[in-house]
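Both complexes below contain chain A, partnered by chain B and then by chain C.
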Partner chain A sequence: MNGEIILPYLIIVPLFGAFSMPIVSLAGRKAREAWAVLVSGITFIVGSAIFYAVYENGPILYTLGAKNPFGQGAGFPIRIVWEVDLLSALMVLMVTFVAFLAVLYSIGYMRHDTGLDKYYTLVIILELGMLGIAITGDLFNFYVFLEIMSIASYALVAFRNDTWEGIEAGIKYMFVGSVASSFVLLGIALLYGQYGTLTMGYLAIKLAQNPTVVAKVALAFFIAGLLFKSGASPVHMWLADAHPAAPSSISAMLSGLVIKIGGVYALARILFSIYGASVSMKTVGWIIIIFACITLIIGNAMAVIQEDMKRLLAYSSVGQIGYILLGLGIGLAGYGTKAGEIAIAGAVYHTFNHALMKALLFLIAGAVIHELGTRNLNELSGLAKTMPKTTFAFLIGAAAIIGMPPLNGFASKWLIYESSATFNQVLATIAIIGTAFCTAAYVRVLYTFFGRPSEKVMKAKDPEASMLWPVVILALAIIIMGLFPWQISDKIMIPVARTLENQLGYVATLMGGA
Partner chain B sequence: MDVVSNVVYPVAGLLGLYAFVSLASLVWEGIDRKLVARMQRRIGPPILQPVYDFLKLASKETIIPNTANYMFRAAPVLSLATAIALLAYTPMGFTPILASKGDVIVFIYLLTLISFFKMLGSISSGNPYAKIGAAREVALMVSREPAMMLAIFTIMWRIGKLGVDKPFSMGTFYQHNIWEIGTPMSFVGALILLYVFAVWLASEIEAGFFNIPEAEEEIAEGTLVEYSGRYLALLKLTKAIKAFIAASLVVAIFFPWGISGYFGLTGLSANIADLLFHTLKVFAVLFVVQSVFRAVTGRLKITQAVDFLWKNVFLASLIGSLLIAMEVIM
Partner chain C sequence: MKRTIAYLSLLFIVGALLYIANPNYGLKFGPGGEDWLKYRYTDNYYIEHGVEEVGGTNIVTDIVFDYRGYDTIGEATVLFTAIAGAIALLRPWRGDGK
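And now, the complex of A and B:
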C-alpha cells in the first residue's frame, strides 16, 4: 500500500464530510447520523491504513501541489509539506479511532439536543484539525490546523448554549485559548522573520546553522502557548471548566485527544524536530519537568476533592498530562541516554493509553448523566445495582488509569517511573505521590458506585446500544492492550521514541537527499 | 516439550500447591482455635473444625441482599482467584513457580488486591456495617503496607548486592539471606525488621490488636456482615490461604533454610520435604503472631491502630532499613 496516495484522504474525507453535512442534513436526522458515522468510519480506515503504511515503509513525505517540495532551481522547500513519521501516524490512529467512537456514541447521547447538523459538522472539523496537526510538516499549516481544532472545540464546549455553564466555560476557554494561540502565532512570526522559512525540517537546518536569541524567544512563546493548550498547571483552569461543561462525547475527545495533539504532540514535535540541535535540551527539558511536576501534583490532588464526576475526570486528565510531560521532559533532559529514550516511549505510550482510558471514562460519565441527569457523585451512590455494565467498564477504566498490572496503564506508567527513577529519584517520588492521589480519587468514586443504591439511582438502566458499544470497544481495547504491554512497547513505542529523537532523520525525509 | 515445561508443569504445580495450602491453612486454623482454647482453659473444637465449617457453609443456602450489586457475588470469587494466583509467586521452601525478575511487586500487588476485592464486595452489599468495616480495612491497609514495602525492598536490594541471578525476585531468599550479611549493624537491623514483619503479619491477618475491620462484637462482623453460604465459605478459605501466604513471606525472609540438603534429596522429593518443613515454620510463626497475640491482647481502636502502624512500626521499619543499608551506602 502506498502511503503517499492515501495520505490526502485523511484530510479530504473529513473535510468533504463536514462541508457536505449541512446538505446531507436536509435529508433528515437518520441521514445526518449515518453520514457522520460513515465519514468518521472511513477516516478511521484511512488512518489505520496510514499507520500501517508508515509502520511498514517508514515516513511519508507529501508535497501539496508538486512532486517534491523544492521549486525550480531552489535548493530549499518552498511548498507546504506533510511529513508523517511513526509518531504522527500513531497520533493519527489514536485520533481517528477515538473520534469514530465518539461520533458513534453521539447518536444516542445527543438525541435530545437540537442543532445537530452543526454539532456533527463541528465534531468532524475538530477531528480534521487534529489530524492536520499530526501530519503537517509546515509551521504555519500547523498553526492553521491548531486554530481549526481550537475554534471547533470552543464552539463544542459551548454547544449547549441554553445552560449557563456551557457559555461560561466556552467563554473562558475561548479567551484563554485565543491568547495561547496568539502566542504560538507570535512565535511563528518571529521565526519567519528571522529565518525566512516555515517548513519545519528546513527551519531545523537554518536554526542549527544560526541559533539566535529570536529563536529562543520564539521557543518560549511556543512552550507557553502549547502548555496552555495541553492544560498543564498553572494554566489548567480552563480545562477544569471546559471538560465538564461540554457534552460528554466532546469531553472524551477534548480530554483524550485535543490536549494531547494540540499540546503535547505539538510540543514534542517543535522541541525535538525543529529545535533539537539548536538549543540546550537539558535546560528546556528541566523547564518542562518543573511544569510536569506541578501539573502532576495539582491535577491529581484536585481530583481527590471533587464532587462533580466530570470535573474529577477533568482534573485527573490534568494529572495524567503531568505524567506525559514528565516523560517528555526527561526525554529532553536525558537526551541520548537510555533513560531518555524509555521516558519518551513511556510518554508516547501513555498518551495513547490515556486517550483510550479517558475517552472511556468520559463516555461512561456521559451515560450516567444521560440516565440520571446528575454529575454529583454524592447522588450516584449504588449505581452498580442498576447500571452494571457501565460501572464495570468504569472499574476497568479506573483500574487502568491508576495503572493496575493486567491493564494497559501499567506498562506506560512503569516506563515513566522507571526512567524517572534512573534519571532523578526525586521525580520518581513525585510521580508516585501523584499516583497515590489518583488512586484515592478513583477509589472514592468506586466506593460511591458500589455502595448502597440511593432512591434516585433505582430508576436508571444501562444505556442503549449506540452508547454502550463504544464503551465496550474501548474497555476491550484497554484489556487487550494490557495483555501485550512489552510487545507493544518494543515493537511500536520504542521505535516511535527513536524516530522522535532522530532529528536528522526528520530533516533527511524532507530534503530527500537533495 | 517446551509446552510441557512452560505450561503443564507450572499449572500442575500450582494446582498441587493450591490443594496443599488450602488444606494446610484450614488445619492451621483448627490448631489455632484449639491452642487459644487451651490457653483459656477450654477444650476447644476438633482440629479439623474449619474444614467442617467450610463444608457446612458451602452446602447452606446463599442469601443475597436486595441492595447488593453484581460485585457482591463476584468479589469472593475474584479474591480467591487472586489468592490462588498469588500462590504461584509465594516462596514455599523453594523458588516460586513463576519467579522472575522484579516479581516482588506482583506479590505485594496481588496481596493487596485480595483485600481490595474483599472490600469491594463488602461495600457492594449496601450494608452500612459492611461499609464501616470496609473503611476500616482501607485505613488499616494504607497504614500497614508502607512499612512492609520499605522493609522488603531494602532487604531485597541488600540481598541483591550479594549477587543473585534475578534481583528483586521472591526466589532470591533461597540464594542468600539476610543473616548472611553478618555485620552487627545489619543483625540489629534484621531483628528490628523481624519485629516490623511480625506486626505487619498480625495486621494482615487481623489478629489481636488489628481485629478491626471484622470486629465481631462491635460492628457485627463488619466486612463479612452480609455474606452467607458459599460466598462466606470462599471468603473464609481466602482468608486462611492469605494468612498462610503472608506468613510464608515472613518465613522466607527470615528463616529460609531448607532441610532437603541434609538428607541429600533432589528434585521433586526435595521440594516436598522443603514444603513440609516450610509449613512447620509457617505454623510456628503463626503460633506466635496469631494464636498468642490474639489470646493475650484485645482490639485497638482504628485510630490507635493507624497511629501505631505509622508512628511505631513504620518508624521501626525506617530505622531497620537504614541500619541494613548503612554499610552499603557509606
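And now, the complex of A and C:
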C-alpha cells in the first residue's frame, strides 16, 4: 500500500465531513449521527492504513502542491510539507481510534442535548485539528492546527451552556489556552525572523549551523506554551475544571488525546526534531524533569482527595502526564544512552496506553452520570450490584492505570521506572510515590463501587448498546495490549523512540525527499 | 504574593524580548543588502518565481493561496469552528424554547 496516496485523505475526509455536516443535518437526527460515525470510521480506516504503511515502508514525506518541497534551483523548501514518521503515525492511529469510539458513544450519551449538529461538527473538527498537528512538518501549519484543535475544544467544553460549570470552565480554558497559543505563535515569529524558514526539518539545519540566543528565547516560549497545553503543574488548573465540565465523550477526547497531541507530542517534536542538535539537551531535559516531578506529585495527590468522580479522573490525567513528561525529560537528559532510549519508549508507550485507559474511564464516568445523574462519589456506593458490566470495565481501567501486571499500563510504567532508576534514583522514588497516590485514589473509588448499595443506585442499570460498545472495545484493547507488552515494546515503541532520537533521519527525509 | 511573581515574570519576559531585539546579536530589523539573502531567502524565492510559477501578480495572494494554501484552508476551518462554536454556545437553553 502506498502511503503517499492515502495520506491526504486523513485531512480530506474529516474536513469534508465537518463542512458538510450542516447540510447533512438538514436530513434529520439519524442522518447526522450516521454521517458522523461514517466520517470518523473512514478516518479510522485511513489512519490505520497510514500507520501500517509507515510501519512497513518508513517515513512519508508529502509536499502540498508540488512533487517536491524545493522550487526551481532552490536548496530550501518553499512549500508546506507533511512528514509522517513512526511517532506521528502512532499518534494518528491513537487519535482516529479514540475519536471514532467517542463519536459512537455520543449517539447514546448526547441523546438529551440540543444543538447536536454543531456538536458533531465540532467533534470532527477537533479530530481534524489533532490529525493536522500529528502529520505536519511545517511550524506555522502546526500553529494553525493547534488553533483549530484549541478553538473546537473551548467550544466543546462549554457545550452544555445551561450549566454554570460548563461556561465557567470554558471561559477559564479559553483565556489560559489563548495565552498559551500566543506564546507558541511568538516563538514561531522569533524563529522565522531569525532563520527565514518555517519547515521543521530545514529549521533544524539552520539552527545547527547558527545557534543564537533568539532560538533559545523561542524555545522557552515553546516550552511554556506547550506545558500549558499539556496541563503540567503548576499550570494544570484549567484542566481540572475543563475536563469534568465537558460532556463525557469530550472529556475522553480531551484527556486521552488533546493534552497529548497539543502538548506532549508537539513538545517532543520541537525538542527532538527541531532543537535536537543545537541546544544543551541535558539542561532542557532537566527543566522538563522538574516540571514532570511537580506534576506527578500534585496531580496524583490531588486525585486522592476528590469527591467528584470526573474531577478525580482529571487530576489523575495530570498525574499521568507527569509520567509521560518524566520519560520525555529523561530521554532528553540521557540522550544517546540506553536509559534515555527506554525512557522515550516508555513515554510514547504510556501516551498510547493512557489515551485508551483514560478514554475508557471517562466514558464509564459518563455512563454513570447518564444513569444516575450524579458525579459525587459518596452517592455512588454499591454500583457493582446494578451496573455490573460498567463496574467491571472500570475495574479494568483502574487496574491498568495503576499498572497492574496483566494489563497494558504495567509495561509502559515499568519502562519509565526502569529508566528513571538507572538514570537517577531520586526520580524513581518520586515516580513510585506518585503511583502510591494514584493507587490510593482508584482503590478508594473501587471500594465505593463495591460497597453496600445506596438507595439512589438501586434503580440504575447498564447503559444501552451504543454507549456500552465503545467501553467494551476499549477494555478489550487494554486487555489484548496487556497480553503482549514486550512484543509491542520491542516492535513498535523502541523503534518509535529511535526515530524520535534520530534527528538526522528526520532532516534527511525532508532534504532527500522525492 | 502570586501577583508579584506574575508581574516579575512578565517583566522578565519583556526584558528577554527587548534583549533579543538588539540587532547586534539578535533579530535584524529590515534586513537589506547581503542580509536580505541570508535571512529572507524564502521571500526572495517567492518574489522571483511567484509570477511565473503561480501566475498571479500579487505575491501575497500567490503565497497565501498557492505556496501555503493549506494554511489558508486551516484558517478557513478556524473561522468555521469559531462560528460553529459561537452558535452552539448561544443556542437557547434546554427546555427554554417550549
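Quick notes on this one:
Here is the rule we go by: the second predicted complex is superposed on the first by the 512 of 514 C-alpha atoms of A that agree within 3 Å, B and C clash if a C-alpha of one lies under 4 Å from a C-alpha of the other, contacts with A are read in each partner's own complex, and residues count from 1 in each chain.
Here is the rule we use: a contact is a pair of C-beta atoms (placed from the backbone, for glycine too) under 8 Å apart; a residue touches a chain by one contact, two chains touch by 3 or more.
Being a predicted model, the structure only gives us computed values, none of them experimental.
When both complexes are overlaid on chain A, the residue A:T197 reaches chain C alone and has no touch with chain B.
Once the two complexes are overlaid on the shared chain, A:F16 sits clear of chain B and of chain C alike. The wider contact with chain A, measured as residues touched, comes from C rather than the other of chain B and chain C. By the touch criterion stated above, A:P388 is placed in contact with chain B alone, chain C being left untouched.
In the superposition on chain A, A:G451 makes contact with chain B only, not with chain C.
Once the two complexes are overlaid on the shared chain, A:P405 sits against chain B while remaining clear of chain C. In the superposition on chain A, A:Y52 makes contact with neither chain B nor chain C. Contacts of A:W469 after superposition: neither chain B nor chain C is touched. No residue of chain A touches both chain B in one complex and chain C in the other.
Remark: chain A residues 382, 384-385, 388, 391-392, 404-405, 443, 446-447, 450-453 touch chain B in the complex. For chain C in complex with chain A, the touching residues are 16-17, 19-20, 25-28, 38-43, 45-46, 49, 53, 66-71, 73-75, 77-78, 80-82, 84-94, 96. By the touch criterion given at the top, residues 67-71, 106, 109, 120, 123-124, 126-128, 131, 134, 138 of chain B touch chain A in their complex.
The part of chain A that touches chain C in the complex is made up of residues 15, 18-19, 64-65, 71-72, 74, 76, 78-80, 112-115, 118-119, 121-122, 125, 128, 132, 140-141, 144-145, 147-148, 151-152, 154-156, 158-159, 161-162, 167, 170, 190, 193-198, 212-214, 217, 220.
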